[in-house]
Amino acid sequence: MGGNDQQAYDRGTSLFSPDGRIYQVEYAREAVSRGAPSVGVRTGDGVVFVAMSRASSTLMEAESIEKLHKLDDHLGTASAGHVADARQLIDLARRQSQGNRLRYGEPVGVETLTKFVTDHIQENTQRGGTRPYGAALLIGGIDDGEPRLFAADPSGTPNEWKATVIGGGRSDIQGHLEEEWTEGLSLDAGVELGVAALAAHDDEFEPADLAVATVTEADGYQTLSVEEIAEAFDAAGLTTEDDEGDEADDADDEE
Amino acid sequence: MGGNDQQAYDRGTSLFSPDGRIYQVEYAREAVSRGAPSVGVRTGDGVVFVAMSRASSTLMEAESIEKLHKLDDHLGTASAGHVADARQLIDLARRQSQGNRLRYGEPVGVETLTKFVTDHIQENTQRGGTRPYGAALLIGGIDDGEPRLFAADPSGTPNEWKATVIGGGRSDIQGHLEEEWTEGLSLDAGVELGVAALAAHDDEFEPADLAVATVTEADGYQTLSVEEIAEAFDAAGLTTEDDEGDEADDADDEE
Amino acid sequence: MGGNDQQAYDRGTSLFSPDGRIYQVEYAREAVSRGAPSVGVRTGDGVVFVAMSRASSTLMEAESIEKLHKLDDHLGTASAGHVADARQLIDLARRQSQGNRLRYGEPVGVETLTKFVTDHIQENTQRGGTRPYGAALLIGGIDDGEPRLFAADPSGTPNEWKATVIGGGRSDIQGHLEEEWTEGLSLDAGVELGVAALAAHDDEFEPADLAVATVTEADGYQTLSVEEIAEAFDAAGLTTEDDEGDEADDADDEE
Amino acid sequence: MGGNDQQAYDRGTSLFSPDGRIYQVEYAREAVSRGAPSVGVRTGDGVVFVAMSRASSTLMEAESIEKLHKLDDHLGTASAGHVADARQLIDLARRQSQGNRLRYGEPVGVETLTKFVTDHIQENTQRGGTRPYGAALLIGGIDDGEPRLFAADPSGTPNEWKATVIGGGRSDIQGHLEEEWTEGLSLDAGVELGVAALAAHDDEFEPADLAVATVTEADGYQTLSVEEIAEAFDAAGLTTEDDEGDEADDADDEE
Amino acid sequence: MGGNDQQAYDRGTSLFSPDGRIYQVEYAREAVSRGAPSVGVRTGDGVVFVAMSRASSTLMEAESIEKLHKLDDHLGTASAGHVADARQLIDLARRQSQGNRLRYGEPVGVETLTKFVTDHIQENTQRGGTRPYGAALLIGGIDDGEPRLFAADPSGTPNEWKATVIGGGRSDIQGHLEEEWTEGLSLDAGVELGVAALAAHDDEFEPADLAVATVTEADGYQTLSVEEIAEAFDAAGLTTEDDEGDEADDADDEE
Amino acid sequence: MGGNDQQAYDRGTSLFSPDGRIYQVEYAREAVSRGAPSVGVRTGDGVVFVAMSRASSTLMEAESIEKLHKLDDHLGTASAGHVADARQLIDLARRQSQGNRLRYGEPVGVETLTKFVTDHIQENTQRGGTRPYGAALLIGGIDDGEPRLFAADPSGTPNEWKATVIGGGRSDIQGHLEEEWTEGLSLDAGVELGVAALAAHDDEFEPADLAVATVTEADGYQTLSVEEIAEAFDAAGLTTEDDEGDEADDADDEE
Amino acid sequence: MGGNDQQAYDRGTSLFSPDGRIYQVEYAREAVSRGAPSVGVRTGDGVVFVAMSRASSTLMEAESIEKLHKLDDHLGTASAGHVADARQLIDLARRQSQGNRLRYGEPVGVETLTKFVTDHIQENTQRGGTRPYGAALLIGGIDDGEPRLFAADPSGTPNEWKATVIGGGRSDIQGHLEEEWTEGLSLDAGVELGVAALAAHDDEFEPADLAVATVTEADGYQTLSVEEIAEAFDAAGLTTEDDEGDEADDADDEE
């Protein structure tokens, strides 16, 4: 199908192409894969999120890039893609989590919350007057004592995973996860696996370029310090280098 | 009719072409046929749903693909096509089933429910500002003691079937069903027929790649364990292989 | 007028072409003529509907194709064209019939009901944001003891007929009706005429491929059994054959 | 101005062309002139309407074509053009007439009613989201004892006439009226003039192909029987023929 | 600027072209100049309106062309251009005049009323979803004893004039007015000037082809009889001819 | 960037071009520069407005061109560009001034009022369904005893000036102002400077072609008589000529 | 990707391109980089804003260019890009700051306010019927005693910075900041750094061409006098020149 034909389906946000595809959704996925990757790993003890969040300038506050967010005591999320879009989805998820607590006095389930978010995403792929969200989320936490991890993509499809990645370098990183993930990993091993998986695609990063969070029954949502990340870094057998930061230079809204 | 002419009718979601077709509806059907197939079989004892739900990665939780859903005690559904779209329709069907119970104290009829869903689908093919749903549903269950099975396609047409398939490989699978289906099949024979019909199109799958559910007067909506599926697999004379999963790799929203 | 010029008027649902035509309405008529035909015959005793409703698969329940519908005790309808569209119009007609009974305690008149439906159809040809209905209806019944038969087409024009056909093969079938219809036909002769008229266009069908209903003062809306249809079949001098069903194969939403 | 330029102004329903024309309105007039003609004649005793309403099939009930309508005791209308559009305007006029009676206890004036209708028509030529009406009306009746006759065209312009025609064959028919009309005609002479004027364009019609109505102070709105029409036919010196009906065959929504 | 470029700005009703023009407004002016001219003359005693209102057929009632309208006791208007559009503006002006009387017990000022109308016209040139009005108005009357005359054009610009013309033949007619108008004309001289100015463009008209109205302090809004118009005709040195009416034949909505 | 590319951005009223420009706003500025110029000068004693307001016909009342308006006792405005658009903005400013007096019992500040108007202008450059305003305003007056002068352009940017010009011939006129303006000018010198600045671009005008107004603490908003303007004319060393008026002939809505 | 393809994605404000970009957002960024730069520097004592605000004419009041604004006692903002757009965002931020004070009796947090503004910006990149904002903001102030500085870009992405620049010349200026910024700068050193950073891109400016503001715990939001700016100018080792102002000539709405 030539460039000219394809254009016709691109313009209207919510039309099918003759082969049954919705291009705007596929392009939104492309926006996600332009961003830095975020990995989620389900372990025996809880869920691990490892996100690449390398600042585009040494003067940017790394934590302001915000790839990982706490949604509730035992519920967290990692994002990839268009930052401003991801923020809308995270706000939506957070408000829904809080609302659930207020109404029912208990945390929302991981699956329930994911589906609430994906329903909203789907609507933006079908109704006119809007474009799809150019962002994907991992949503993970503890549900009745069990760690669970879901991914929500720009089509609004929810899927449950043992371990997965959203954002750029997906095939390398998912491949590493598929090879190395095993049932009943310890939390530390999960962090190490997440870090190593990211390195399978691009190993030129420092501990400070990563954000890591864990959600466990015992401790709820916790972020790791750069020192703790460095330990996982060493455990994964990665060496640190000094030449970094330039290729991410003009991509500060796709992270 | 050349590519150029066709485009003209594609852009507006709800226009007729000179030969009286609505392209967006036909493209939505194409989206359905890009997905994995789901088979429905009416037997003497109840309705059988057999869905191909092969995960695109070994780390994806197979059950999260969710091709089969319970709608009510004696009512289930199988979907094919764009997953996020199907989820909207299933939610709609489920809310309507629950509402019927609340209002009238009794389950909604299979035909009534199907027509409620297809009316909603049809509206999305006629009003502007939206695209059609890129998903099809089988809706089946027990109505006054009788098993009944309906299909709802992207045009919003409801049809009742003895046995049918939605999704990819339709001509092979429907052909097998037409040859082999007989009145008064046992439930087990129905499961076996569903599995064998899927294999008529593509026999490189494992019991774990399938989801099977049955709806009977006696037991209501039941899902089969992978062991039970394996039995049907054997009964249907199918052998299992080990090389699978790669071709489904990048199709996780059309299942 | 070349293909290029024509396109210009197709895109906007409700625009006139330079020669004063509304293409979308004409294309909607084309959608109707792609469907199987339905015949209506006014007889001395009541109205007869004969519809071709051949299933696209041996496993499809023929009655689910539903070309004929009871609207009220003495009021019925036959449809042709886009099935999902026809269903909307039939629902509208049925709700209006029921509402009339509730409000006034008496059945709605055949002409009044037809005009209510055609007003709704017309609106969809003039206002933006929607396409016309791709379906036509015959509406017939007993009005103050008199049988009356109307047709409603995609432009929203109501016309009263002694006997007519909607859907495919119109010129052959209407020609047969014009030659053979006489005032004061018996109900049986009306059924026979309807069957024979359909055969004037395409005689490769079985009694089971037809649906027949009658509306009389005495018995109200009645559907004929396949045996009764077979009698009319014989009376019309038609022979049955066995090779059927393939050409209707992929047209299950235009019936 | 070439075909290409003209297209540009056709697409938007309510735009001016560089030479100050509104093409959609002109195309709507074309739709009117594709229909059969309706003549109105003001006589000393009242207003006469003569409409060509030849059925497209011998089985169509001629009266269902409905070109002439009573609006109130002393008020009638004749239409030409797109039948379904005309029906909307006639309904509007009738509701307004009835509303006037209810509110003020007296009939609406001929001019007042015409302007109410033309204001509505004009709006459809200026606002977006709709097309103009493809129909014209003659509105005539008795106002304070005086016969008055108005025409409303697709631009929404009201004009008062002594005698005029809407629909096809306008120049021949209006020419005949201009030559033959005289002040103070009797009602019978008015009917005869209307019939003869139609014949000036196309004389191959039978009395049964015409509908005639009169509005007088004494008798209000009256329709003529086919015998009365035949008398006018003879009086006008017209002979009847037998070969008719074929050229009108596929024009059942532009009458 | 070529034909192709110009098209781009024509389609959207309210866009600027690169040279700062709004084409739809200019095309609406073209619609006005296609119509017959209307002249307004301010005299010492009051305002005079002279409008060409030649019927397109001898059977059309000349007064139904309605180019001149009384708005209030001392307030009148003359229109040019698209008749149905002008009618909307005149209705608006009349309702506003009546509303002013009801609310404040006194007539609306000429300037105030004009600006109310032009504000409404301007809105139709800026907001989407509508086209500009294809009509211009002269609004004149007595304001605190002083005659005043304003013109409102399709851009919504109000201007006050001593004497001016709207509609076709503007340069000839305005030129004549500029040469001949003097301060303190008598009312009769004003009528004569108006008639002569129209003849400066096209002198093939009869007294009956004109409509003339005057607004004076003493007599309010008065229309002249055809005899009075004939006197002005003679006074202006014009001769009458008999060959008329053919060129206006197909322009009955641009007068 | 070629003509073809530019078109793409022109059609949508509120889109950016690849180089970050909003063409519709730039074209609206072009509409302003097609109009006659208006100059504002801040002097030690108050603000001076000098506007070219040459009538397009000797019969047009010059004051009806209305380039200068009093907004409140110590607040005035001068406009340039599309007259009907400017009128909307002036009405907005006037209503806001009056509302401020009613609510707070004191005049609105010059800066506050300007920003209220520019906020409204900006909205018309960002939201769909409308075009920008094709007009610019100077707003000036006395604020706490201090003369202040602001300009509002079609982008909605407010700027404060010592002296500036809006409308045609901007570079010549602004250049003259930059050379000649000095702090603490007398009011008379300000009028003289304004007149001379206009002449720097085009000196073929008469005192009667100008409108001049001043706003001072002592006298509030005052308009100058043609004699007073003639004095400034002489003081500025300008001679009057007699051949004028032809080039402004067809520009009566861009003044 | 050629010019033609790119156009397709430009027209709809909120569509993705095949490579996952939203062109309108990128063009809005281009609008920002066409404007003069504004620098923000976080120091040990507070936040410093330095903005280039060179008037396009010697008669324009420099302070009316308004690049720096106080939002609350300890909160300020600097803007770059389309002035009228920036004003809307600043008004939004100011209203939100004031509302926070009224509701909670305390100042809004710097991060909270920034995210409120960026959420609003993001909405304008996703919903139809509007274009993105062509402006960027720096928002800085004291939060619980700590200086904090955020940037908001046209995509609606919020980022926290130690020091950054928005507007033109970004790579030169940001480079200078990255080289020279150190933790715990004094406020004066921060001003000097800001001035020097601007000069790294373009050193032809005078102290009067700059606007500088500081926000400290002790003194809140303060603007510097031109003398204070001159001191920083000297301290930064910059010399002043006399030839300035011409290149900024026609850029008065992108500052």
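Order of writing sets the labels: A, B, C, D, E, F and G. Residues in every chain begin at 1.
What we mean here is this: a contact is a pair of C-beta atoms (placed from the backbone, for glycine too) under 8 Å apart; a residue touches a chain by one contact, two chains touch by 3 or more.
Labels paired with UniProt names: A, B, C, D, E, F, G = Proteasome subunit alpha.
Here the structure is a predicted model, which means the values were calculated and not measured.
**Q** Kindly list the shared contact partners of chain C and chain G, in label order.
**A** For chain C paired with chain G, there are no chains in contact with each.
**Q** Could you work out how far the Cα centre of chain C sits from that of chain D, in whole Å?
**A** It comes to 30 Å between the two C-alpha centres.
**Q** Centroid from C-alpha atoms only, then distance chain E to chain G, rounded to Å. What do you get?
**A** From the centre of chain E to the centre of chain G is 55 Å.
**Q** Check each residue of chain A and list the ones that touch at least two other chains.
**A** 11, 128-129
**Q** Could you tell me which shape the graph of touching chains takes: line, ring, star, complete or other?
**A** Graph shape, chains as nodes and touching pairs as edges: a ring.
**Q** Which chains make up the ring, listed in order from chain F with chain G immediately after it?
**A** If we begin at chain F and move next to chain G, the sequence is F, G, A, B, C, D, E.
**Q** Quick one: in the complex, what on chain F touches chain E?
**A** Spelled out, the residues of chain F in touch with chain E are 3, 6-7, 10-11, 13, 23-24, 27-34, 57-61, 63-65, 82-85, 87-88, 91, 124, 128-134, 252-254.
**Q** Applying the document's contact rule, which stretches of chain A touch chain B when the two form their complex?
**A** 5, 8-9, 11-12, 14-22, 25, 115, 118-119, 121-122, 125-129, 150, 153, 155-164, 174, 177-178, 181
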